[in-house]
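Got a structure for you, questions after.
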Amino acid sequence: MQDLMAEVRESIRTVLDERCTSLAVHAFIDGKASVDQDLRELAKDLGWLAISLPEAHGGIGLGANGLAVLNYELGRAAAPGSIIATSVALETLARSEVSADPAIAELIVSIVEGTTSLAIATSFNTPHADGAIRLIGDASANVALIPGEGDDLLLADLSNAVADQVVIWDETRSILSLPSSSMKALAVLRGSRPVLFALYAIAIAADSAGAARGTLDRTIAYMKQREQFGRLIGSFQALKHRLADHQVNAKGCDELVWQAAEQFDNGAKGALMWSLMAKANVTDAALRIAGDCVQLHGGVGFTREYDPHLFLKRAWLNEALLAPNGALRDKAASAFGEALKNGHEVLEIA
Amino acid sequence: MIIDLREDVGAFRSAIRDWIAQTLPSDWAEVADRGTEDEAVEYQRWWFAELAKQGLSVPHWPSEFGGVGLGIAGQMIVADEMARAGTPPLNVFVVTLNHLPGTLIPCGNADQRARYLPAASKGVVWCQGFSEPGAGSDLASLRCRAVRDGDHYVINGQKIWSSMSRFAKHCILLVRTDPNVAKHAGISFLIMDMDTPGLEVRRIEQIDGQADFSELFLTDVRVPVANLVGAENDGWRVAQATLASERGVLAFEAGERRRHMLEDYYRNAVAVKAAWLEDDEFRRQFMTHLADLQASRRMIRQLLHDHENGEAHATTAMASARIKLFQTTLIQKIAELVARLEGLDGHLRQPFNSQRRFVGMFDYLNSFGWTISGGTNEIMRNVIAERDLGLPRG
Amino acid sequence: MQDLMAEVRESIRTVLDERCTSLAVHAFIDGKASVDQDLRELAKDLGWLAISLPEAHGGIGLGANGLAVLNYELGRAAAPGSIIATSVALETLARSEVSADPAIAELIVSIVEGTTSLAIATSFNTPHADGAIRLIGDASANVALIPGEGDDLLLADLSNAVADQVVIWDETRSILSLPSSSMKALAVLRGSRPVLFALYAIAIAADSAGAARGTLDRTIAYMKQREQFGRLIGSFQALKHRLADHQVNAKGCDELVWQAAEQFDNGAKGALMWSLMAKANVTDAALRIAGDCVQLHGGVGFTREYDPHLFLKRAWLNEALLAPNGALRDKAASAFGEALKNGHEVLEIA
Amino acid sequence: MIIDLREDVGAFRSAIRDWIAQTLPSDWAEVADRGTEDEAVEYQRWWFAELAKQGLSVPHWPSEFGGVGLGIAGQMIVADEMARAGTPPLNVFVVTLNHLPGTLIPCGNADQRARYLPAASKGVVWCQGFSEPGAGSDLASLRCRAVRDGDHYVINGQKIWSSMSRFAKHCILLVRTDPNVAKHAGISFLIMDMDTPGLEVRRIEQIDGQADFSELFLTDVRVPVANLVGAENDGWRVAQATLASERGVLAFEAGERRRHMLEDYYRNAVAVKAAWLEDDEFRRQFMTHLADLQASRRMIRQLLHDHENGEAHATTAMASARIKLFQTTLIQKIAELVARLEGLDGHLRQPFNSQRRFVGMFDYLNSFGWTISGGTNEIMRNVIAERDLGLPRG
């Protein structure tokens, strides 16, 4: 299982290192290449969306760990497109009762095969003031997961909805805005909200941990070649110490992602709590790391031409998704108190 | 002209305040926010011209060049009223207003002063060509090469981080005239017209969506030897005058603008009963930053007060470095907090900010301009550690 | 006025530099010298308590600025004793209505002359669980200011009370614990609580800003003489950058102290708000600075023999006095909201 | 003996758990908290002897020296159960249990191993004399001088930060035997009895009120040449073995103890409805640290897992440095939070902490022992930057 995970990671990374280079991402944000669509094609061809999918639906069944690996690598490459939305929505759908419905089972197949693209609401807590719903997803998304009553979710058809693609700071991903009235509910996912929250939180944390890793690696590489005052700037101790701290904190982020994913896959009592804590701590840490990577680049860090801002903006959007980190910690604190009251050992590590 | 009232502090201040209220369209900020950087520059040119009519464009310049030698206390009144009213900030004129006189008055010759300063006082935009891709923090290692050819220099090389040069008519330029001596000893200081053949200006797209900065590519650019400021190979000394030109009033104005923005932000939050006011963490972070902003504003006032009283000469560099580090770090923290408070709404892209109110992500991304440019904060820490604290060099 | 303040500061500093050296403070905490009593004698002889006192009571009238200067210098020297308590209580008393009472006026004189020592409650918000009242003050304190009803304060006689001197981590000052029932009220200071809060907050902030300055100066000096790897440790860039940050933040602390003191002395609407914000920000910053000064000393920073721990423990006690910083910021936030509502310009700097 | 059950993981674990429940007095922590450091050491000696009866004192040692060669997984079970039950931590035996076998088994001779290891396994306390006032982070610059005189070395000099040496019988000591060569090449490694004439042990009062550490003053101390570990002047190499001795299980146990302490702290807060649970700022800080503690515990497990599988050799130093930096920084942050939560109550002086529950200021002050000793965190950052990230030396 560990070996399989490592193999999957390696295969995704190899493809992204080749197909989603810094040049490719810049070509995408400059409107010169449809890297997002290329990656969707690749995802289809290489079966990326099947990695986490339960075997019952024809997937490999690597669950939240698989979801985390995929999104970690996408974050690490600042990969254009919204596979995060499709992958989270797909997993949620596949684990809901409605997945037994033949039409939904068929939809799942079409998602894995790339003919259907899913969007997902940016937040499940507060509806937007103007009555519009915001989704993260590609402009071509035809189905979306949005909040329903209580813990229910709605699977909504977007084919008749007029979605505006909102211009956002994170140029590698895409937010749609549309009136909720324009969507038709295809199905109600009863009680699926906690599952969605956990998976969404894990995917966001994974993307952020990957983004922190990606920008840190590139910053270290830059500091090994940039000279000032006749020395490589990577030899300046004040900068080295900051990087050492970032390195250690990035490792901490990785561990929180795996902590949450393992808990989910083990069906542990603490699964939701850990996913929320991972999202909160990892997105906060990723912001600090990505922000300092801009600073450590000096002047060029302030340019659109270099990479650091791609990761910084991505890390910021991640921070804003799902719910504010404070609210997530509050929710986790309640869950922790409940767990202690009920004698659940949510801090055990297998 | 309003400037004529300057001896009576109270009258001077009220006259400025009344005049702004009459002159500035009430919707300028909204218009500007909907606009582009280019439109904002047009706004600044118009505003500069209006100021000039009242003697308020270059009041700090000596009278022979169009000013009235307005002291720092007077400049602070002007800046205070501008910040209070949220007038268009004069970013595009920063070099014109400060670096240019700071250089030409002590180091230029009479011809240069006569030729450039009066025109500049009417609103000619200047830019600066100092940094290079390989010479940022280590400015003296610059390599842009100027070779004498008769009564011209022929210049080849590249400059970067040239602020507002897309809009500039002239440029103060550092070039290497002697590559065979110690790096500080072979530099010269020139004035270059921005329409000189062989000069290409290429905008640098910034992370905040703006393009304040440009790169300059110089290919056989010919600049008259008469445009040399100071002696050939004495440019490093001249550049020190440029870099030391008093810009404390700019930091003052930046602090004052943020004070009003922060105050307005809270007032609005109270008015709309913003949810974050009930969040202990956010509310306390806000108050923490509010207090630090006050500390920062006091530090700047102290520096300017010392300047005014001629007490600051020995310590200006340290105090400036301290203020730069404290103020820009704080600006970034405030922007980060606002970005968090705005949540997802803050991620909708805002092309421009009129600097009358906080705009979450824009201000946050823009804040790296503050922490990186004008000497990175890392350089500031070196300066403070060595000059202020007397710690040994590494 | 500025000149007078500078002169007063210089005179206090000169005395403390001579009489309250590092050696003296260590002798005190080792129980080998009564530096606290020596300083009380000095305070009497040099009229330190008269600096802030209103002229009506025979003082110099330097107000909160004077109080801040005195306590700043005491903090900077980690001066043993609880002059902070006496000075704050004295000022509060002198500004209350009861100071017109001849007996109280006489008491004020005896405080300035050093025959009466005042203690003051450590906190005015939450009574201690066991019904005891904790005071900061010397063991010899014979009068104390303690909470009364609402905004009232009580001037309490301690002469018949059995006060336990509590052993605390900050060895330079002293906390007493005693049953509230054992104290006799000498007078009620009607509505004096806001004045006390402001003065107390200013004095704590001043002591902390001074402590930050004191430990920072000694740390810098140490780093200019300690060698490792054949170099002065003060030449290591990573450490230099930390010190530069501390230097800047210490200057920020100073400004907040003067901001609060000036507002108080000007009778400004924002006086209480600024004093609370100063206490919160300055004590937080002082903790960070003093903690890192321990770390920057390396091994010897962990010893009782060196100075950094004196300042760190003092900074921590300061942080705990009056009220938690979060609560103070909350109070300041309400005050700020009120001020804005009422059109008070509390952010103006004269 | 319980150790005989080690092949059956489940039975082994339950046996330990049951045995602790029967053996450890229920009130030991309260008694210890009221006591002094010296009394705590007595507790530790007693506990070590009890552990020895079950084969649990040195199970990780090779069988020829009193252990059973218990692997890391088995050691983790033992440490886990000790942490879970909050048994007396074995601070006084750290050198005995780890550094001593880590040195003598690879580098000592047969006589030394036979003479010292079996005795140590029964509870003889050892200490270490490495650091000196002038040689802390820069250990190789040590100057404590040993001169050969017949079959003895005569030693003069000073050692510092010698942990638990007040309680020790023997000391592993680094001395300079050749001052005329490169600093790493003139060092020798000796075993010194702590009752040797000329040795004075002086306690170092710490900022947390304890005196774990001592200074050693050596005046004409005579140590037999037979006590040389390795060859004369080869002590630096031997010391590397000492410093590399596997101590990951200690970090593991420290993390596990804190896990239980943090869990108990929250459980208690919920039970007494602590006010801070209603404070957004404090509650969220607690959760932030709780999550990071989990990350830290996972990192340590990964390191030990790699060790167990022999995968860690090349990366142990980096991973250890990372864990040290992350864990000790976190321990300090947690202690700082608890100190704030306790408010003024936390300032009442606590002479000792049994490490079964958080004690605000004590833990906070004690945490600097973690961030400073065992290689300061500044040295860890150097190691990570250079060995892990491959950044160039300064």
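The letters A, B, C and D name the chains in turn, as written, and every chain counts its residues from 1.
We take it that a contact is a pair of C-beta atoms (placed from the backbone, for glycine too) under 8 Å apart; a residue touches a chain by one contact, two chains touch by 3 or more.
As the structure is a computational prediction, the values presented were derived from the model and not from experiment.
Visitor: Comparing centres built from CA atoms, which chain ends up most distant from chain B?
Guide: Farthest by centroid: D.
Visitor: Could you compare the number of C-beta pairs in contact for A-D with that for C-D and name the larger?
Guide: A-D
Visitor: Could you please state the distance in Å, as a whole number, between where the Cα atoms of chain A are centred and where those of chain B are centred?
Guide: Using C-alpha averages as centres, the distance is 39 Å.
Visitor: Hey, how far is the Cα centre of chain B from the one of chain D, in Å?
Guide: That pair's centroid distance is 55 Å.
Visitor: Check each residue of chain C and list the ones that touch at least two other chains.
Guide: Expected reply: 236-238, 240-241, 326.
Visitor: Can you list the chain D residues in contact with two or more other chains?
Guide: 279-281, 284, 378, 381, 394
Visitor: Please output the residues of chain B touching chain A within their complex, sorted ascending.
Guide: It comes out as residues 131, 134, 136-138, 141, 160-161, 204-207, 213, 279, 281-282, 336, 339-340, 343-344, 346-349, 361, 364-365, 368-369, 371-373, 376-378, 381, 394.
Visitor: Within the complex, which stretch of chain B touches chain C?
Guide: 259, 263, 266-267, 270, 277, 280, 283-284, 286-288, 290-292, 294-299, 301-302, 322, 325-326, 378, 380-382, 384-386, 388-394
Visitor: Of all residues in chain A, which touch chain D in the complex?
Guide: Where chain A meets chain D, its residues are 220, 223-224, 232, 234-237, 240-241, 243-245, 247-249, 251-253, 255-256, 258-259, 274, 277-278, 280-281, 284, 326, 329-330, 332-333, 336-337, 340-341, 347, 349.
Visitor: What residues on chain C touch chain D, complex-wise?
Guide: Residues of chain C touching chain D: 122-123, 134, 166-170, 175, 227-230, 236-239, 287, 291, 294-295, 298-299, 301-305, 309, 312-313, 316-317, 319-321, 324, 326.
Visitor: In the complex, go through chain B and note every residue touching chain D.
Guide: That would be residues 279-281, 284, 394 of chain B.
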